[in-house]
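Look for subunit A in each of the two complexes below; its partner is subunit B in the first and subunit C in the second.
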Partner chain A sequence: MSDVRRAPAVPAWRKVTQHRLFWPVVALVVLIVACGIKNPTFLSVEIRDGHLFGQLIDIARFSATPLLLALGMALVIATGGIDLSVGAVMAISLAVSLTYLDGNPNADSAGTVVVAVLLGIVVALVAGAFNGFLVSVLGVQPFIATMILMVAGRGVAMLITQGQITTVTSAPFKYLGSGFVLGIPTPVVIAAVMFVAVAILVRRTALGMLLESIGINREASRLAGVQSRNITWFVYVLAGMLAGIAGIVYGAPTMAADANNIGLMKEMDAIMCVVLGGTALAGGKFYLGGTVVGALILSTIERAVVIFHIPSQITPLFKAVVIIAVCIAQSPRLREYLKPRRPQRPRSIVPAALAVKEAV
Partner chain B sequence: MAPTTEPTGTPVVQMTGITIQFPGVKALDDVDFRLFPGEVHALMGENGAGKSTLIKALTGVYAIDAGEIRVADRTHRFSGPDEAQAAGISTVYQEVNLCANLSVAENVMLGHEPRTGPFISWRKMRAQAAEYLARLHLDIDPASLLSAHSIAVQQLCAIARSTVVEAKVLILDEPTSSLQKAEVDELFEVIRELRERGVAILFVSHFLEQVYEISDRMTILRNGRLVAEHRTADLPRRELISLMVGREGAELDAIEDGVQSAHRERPADVVPALAAVGLGRDGSVEAFDLDVYPGEIVGLAGLLGSGRTETVRLLCGADRPERGELRLAGETVKISDPLDALHKRIAFSSEDRKKEGIVGDLTVRENIALAMQTMRGVWKPLPRKELDEVVAKYMTALKISPADPGMLVKNLSGGNQQKVLLARWLATAPRILILDEPTRGIDIGAKADIQKLVTDLAADGMSVLFISSEFDEVLRVSQRIDILRDRRLVRTIANGPEVTQDTLLAAIAAKGEVA
Partner chain C sequence: MSATLTAPQTPRSDDGRRRPTAGTARRTLARFLRPELLPIAGTLLTLVIMLVLGESRYGGERGFVSVKLFSNLLQDNAYLLVLAIGMTFVIITGGIDLSVGAVVALVGLVIATLLPAGVPLPLVLVISVLIGSTFGLLIGVLVQYFAIQPFIASLAAMFLARGLANVVSVQSLAITDEGFSSMASWSLKFGEGRDISKINLSMIIAVAVLALAFYLLHYTRFGRTVYGLGVGDDGNAVELMGLRAGRTRLWVYVISGTCAGIAGILFAFYTKSGYNLTGIGMELDAIAAVVIGGTILTGGAGYVLGTGVGVVVYGLIQVLIAREGLDSWWTKVFIGVVLLAFVILQRAIAARKKK
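Here is the complex of A and B:
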């Protein structure tokens, strides 16, 4: 008991290469550098009318939606669940907001827009609460439970817009998608604020640890007093709310509530960001910082496709190849394989029996 | 060190200089091990000594960092359990690793199904399976579901499977820990027959009695290093224990005496800290009365499946009782869930450390903090400083090793995991502590530590319900003993010098013994 043996100290460079985020960050840097070489203007960021412009800024802007979704998704995945409905929830929240604005004569006043946005978010929250109810109270498998809204959600959005593509014009609403705050695109600011808020929520309280505990061992957590029902429910509500915000940010530039296409397949993007960030789909440990890197990789890939003139038909293939490469590089098995084995000590192969006899 | 008589022939397994490094710990350090055909070889050592690691190296679960494994005179570098199996090594684990939802025949013949053309011949398969089972004196329907049988039978099926693949080496890892006495006898009968046939058997068990009954030789490990190899007959029990623990026998006696002398008079005219009146739940345990006074340790004794666990689960919110009432210090309460129980200062440590105890991928620190944290609520995290103090306090007091609170708890040995769990519950400052098999699968040193701790806690006024399959342990720590039989609390015995293991056995076996 007394002699605690410790492994020799790990050299600093190995600590870096062994870090969870090493490969995702490498992938991101490689993508950006490759784009920069192909098209030198890619890396330039300029200030026009006090606003930041440039391809890198665009990448950050396009990362906002997947990041908002992925933040909620990461927490849901940590509990061992999944939320397939976030794309549909985006469509619902946007439909609610725009329909409200559509029927309102003061669509251009900030106050009306605030109400519209809040309405959209509240409805998204209700959608999340519905998911959470199915999963945590009724015990429906998360995949099936959230698939209900994934399919039905677009019908709900359709019902709200009465089958039309509702379009409105409202400057304050548009600002949420294509405006700037202190020179930074509004979506980036919104995503950053939500990231910080969620990070504080999970890491400055015990929520993060308890989430992970539920994802790792639900029964042990229950016996230790973890209220997994409440916590799980809460997480789905949060994921719904973030999806609602994502829907509004995503739809604001065009202000067209296309119930069929807003947020289509975005749940997969969100899952991808979470996985790229090093969170296992099996649940347990989750990494919000990694999720940010995942979202950046995703939108950089989408940019790279344009820069390298990759035919749009094979874009998904390109995306898939990059993602698979990162996932393989991150996998514990490959790391284990790449870890240099300590050289074997040369040993005299004297049979133990003989050695014992000699000892006598 | 050396055995007096060399076993004849060449070893079927020869492991030389085996070293396995885990993050932060050297689990095995230059260990030699050999196993001869036709012997039962016991692998002995405390928790964390490296027994499981050595077995996992031999079965290809872990890759070795240094050393050599020779099986039947061929050097192997196993990169997976399948390769070890192909080399003739079969393993039967404590938790049976078969497919419970398949039939007995399918399990026994898995991978060796008799075929006609590309199709499995089910009839032939059942017939062959029955034959293999018969050789182990097992007369069960091969078409029945494996899960329909007791753990003992399932284990025998696993052994039958090893005879199908004609294993040269059979590893039995704690095979008896959930078996009844008669089942153990049957298992030993089978082991002896396999030994006659020349199979080399590696036997791991915490029951010294059984080790001495069945084994021919033993290898003793301590702290990941080889201590000695002996013929069983040449090694008296006390010497074995001091080899395993690395302490002198007298020291052990002192610990045990310390535990014994902690017995005190049963408190009089006080209200029980906890009293159950007619508490029960259908399909779980019949209505029972039970009480425990402040500062008292009440033992629960009974055979496996007698309802010990089910009984205490009704007291701590793990299961909800369907009838009866629960009183805490005389006051009737309702406990809705484990968190509610913790708030009422009742802590329950489950017997299933892996499934219901530790949260493997969290650190030792987080595991200790867990119950404390849930009591504070999600939104009020423990201040880091306070947490570190509590963790340091319990890690020192319980001698948790390695002394690194940042380590993942799954990388600790079983005994240390158990101590982490104890720390978790003690950190909630319970008035009533329910311990279900707190010393199962734990080495003697840690066991004595835990017994001592429990008696000390009781001396400070805590009430303890103590479940154990080991009667001597129950007798040593408890002031009163509740006897359970067939999911019914049948009687309560006041402990005293005249109460012995036989008393408990007699109480358990009293009238109504299987008709």
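Here is the complex of A and C:
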């Protein structure tokens, strides 16, 4: 707390560098500038037929799916849990939506598509509720509870599509993935709307703080009167719903429900966005704004790999190395180990991120 | 402790006198109902139910339960047995290793890449096992020295192994090396005609690993420490007893990783190929086998032989689903359901214990 009172004494430039989003944003800018130097057309955004086009717009578009997943994941991680089932839930919701459209003669009417999307989201909600029930009511460890759905969920998606790759043609459904709203790609709009909604939900109410209190000390928060069971359950439901939306947005451009491959390893993307945004995997404080930066970094990396002609198979390895590095950097032991080296330093010089972690 | 819990609740016999036979029966019952034995009772019950189910549905004149059945089960699931044995060590300490499936995939690809490159077979096998050990060591260091939660550390290792596997190849590579194929197909045959049953190298290795694990867990100081770590006090009690908590925690992950490396070889024997998408969900299969085998998911109690039974139950589920003519993805759903049932059973027992 003393850090907060002393804050005005910190020079302005240090305030910027101490901001917890400083390094993620620097990474993002460096990536974009590097791509721009390598390929000058990278930075150009043009308007064609009233729609925005350009590589940067593509990056925003591809960030939508990981961001939707990561929003839910960030909240789940804040409570000290994890949701490994997001990829499978994507597959399930897409399978449900497309199977409904497939069997419907009016697949091209907007009303049918709305029903199909709602069906997919509802099933995803149910999947999230199942996870939440296991974690909050039965007290199963989150990684086991959600892993059951991660594996069995693909089986369920297979059952829905009957082992086929269900493909349909439906213009309104495709619009969700590759259309534009006021010139902005639909997925970006959907992700932005969900981001604002979630941000208002957790930051304009006490919910976010309660989530963090559960993640920091579940028992203490319960004793303090926080309804940790209901809140934990709610968070998994929300993560399930967001994963369902992500599945539909992700699958809409191709409109093919491939139960085996949709959302495969997407939990890794979601976790990476969350940790890049400064949220500790151990739970507690979470940062939704950071998660957005994380999602942008993720899709910029994927694009940079193409621009720099790096074999794209390396991307998952790179993501894994980043996650491990961030985990180690966040680990309490490492910080304990580094601390005694400069015992005389006043606390105000300890980087802000560190101070926040200590407050936790 | 459990005996004191159950005994007073049992009502006395009507006439108020304690009949010796009733007392013995009660004590036997109380003994049987010891909370730590309930999961293993569940394991055996599941096994018997599945065998009876199989016998009644597919028994016919040749019988369902036979030496051949068990020979086939072990042959098909040798790799899983080895994985599950390593996982048992980790779970008993209260940890988890989510990286094993990815390590199996990586090892398969490394074998498929190194053998055509002219690397001698023994060296390839050693490298394969060491890859597993290295991943185990990485997880162990993250858990022990950086105090990262096991599921996060092993999840990161899983991503790393999948990432490396992607770099090796995104194609499915066939393993055509002669020496490797002859090792994979070598077997001792018993019986005649349709009742022929085999013992192959994978089975021998798996059983050897099981025997070694049994010895390690139940007859060594290391094994005691493994159980002691699982009581949930961060190894304090174990430390106070003069056992090496930290070193042991590191070693269980190395053991699990090494087992994953061996399992990778066995899986390559089985499929004769390497592919970066194999083993997705295999960690869940291994965890399921361990949990079905009566090891408590939160640590502290478990039996490596139970894990063996768990693997047999897993194999039986697969066999029954295949015999029912259901598609193979039903296996995933069923395994999920069975794992869930056992986890819930364990939670119920834990809740009863607390009271």
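What we mean here is this: the second predicted complex is superposed on the first by the 305 of 360 C-alpha atoms of A that agree within 3 Å, B and C clash if a C-alpha of one lies under 4 Å from a C-alpha of the other, contacts with A are read in each partner's own complex, and residues count from 1 in each chain.
The rule is simple: a residue touches a chain if its C-beta (ideal position, glycine included) is under 8 Å from a C-beta of that chain, and two chains touch if they have at least 3 such contacts.
Quick caveat: nothing in here was measured; it's all calculated off a predicted structure.
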Touched partner set for A:258, first subunit B, second subunit C, both or neither: neither
Which superposed partner A:209 touches (first subunit B, second subunit C, both, neither): first
Subunit B versus subunit C as contact partner of A:271, first or second or both or neither: second
Which superposed partner A:83 touches (first subunit B, second subunit C, both, neither): neither
Touched partner set for A:219, first subunit B, second subunit C, both or neither: first
Footprint overlap on subunit A, comparing subunit B with subunit C: none
Touching residues (chain side subunit A, partner subunit B) in the complex: 1-7, 204-207, 209-210, 212-213, 216-217, 219-227, 231, 284-285, 341-342, 344-345, 347, 349, 351-353, 355-357, 359-360
Touching residues on subunit B, where the partner in the complex is subunit A: 1-3, 6, 11, 14, 16-17, 21, 23-26, 29, 32, 34, 65-68, 223-224, 229, 318, 337-339, 341-342, 348, 350, 355-362, 366, 369-371, 373-382, 399, 401-404, 424, 445
Footprint of subunit A on subunit C - complex, ascending: 96, 98, 142, 145-149, 151-153, 155-157, 159-160, 162-164, 166-167, 170, 277, 280-281, 283-284, 287, 297-298, 327, 329-333, 335-337, 339-340, 343-344, 347
Subunit A - residues contacting subunit C, complex: 82, 84, 134, 138-141, 143-145, 147-152, 154-156, 158-159, 163, 264-265, 268, 271, 281-282, 311, 313-314, 316-321, 323-324, 327-328, 331-334
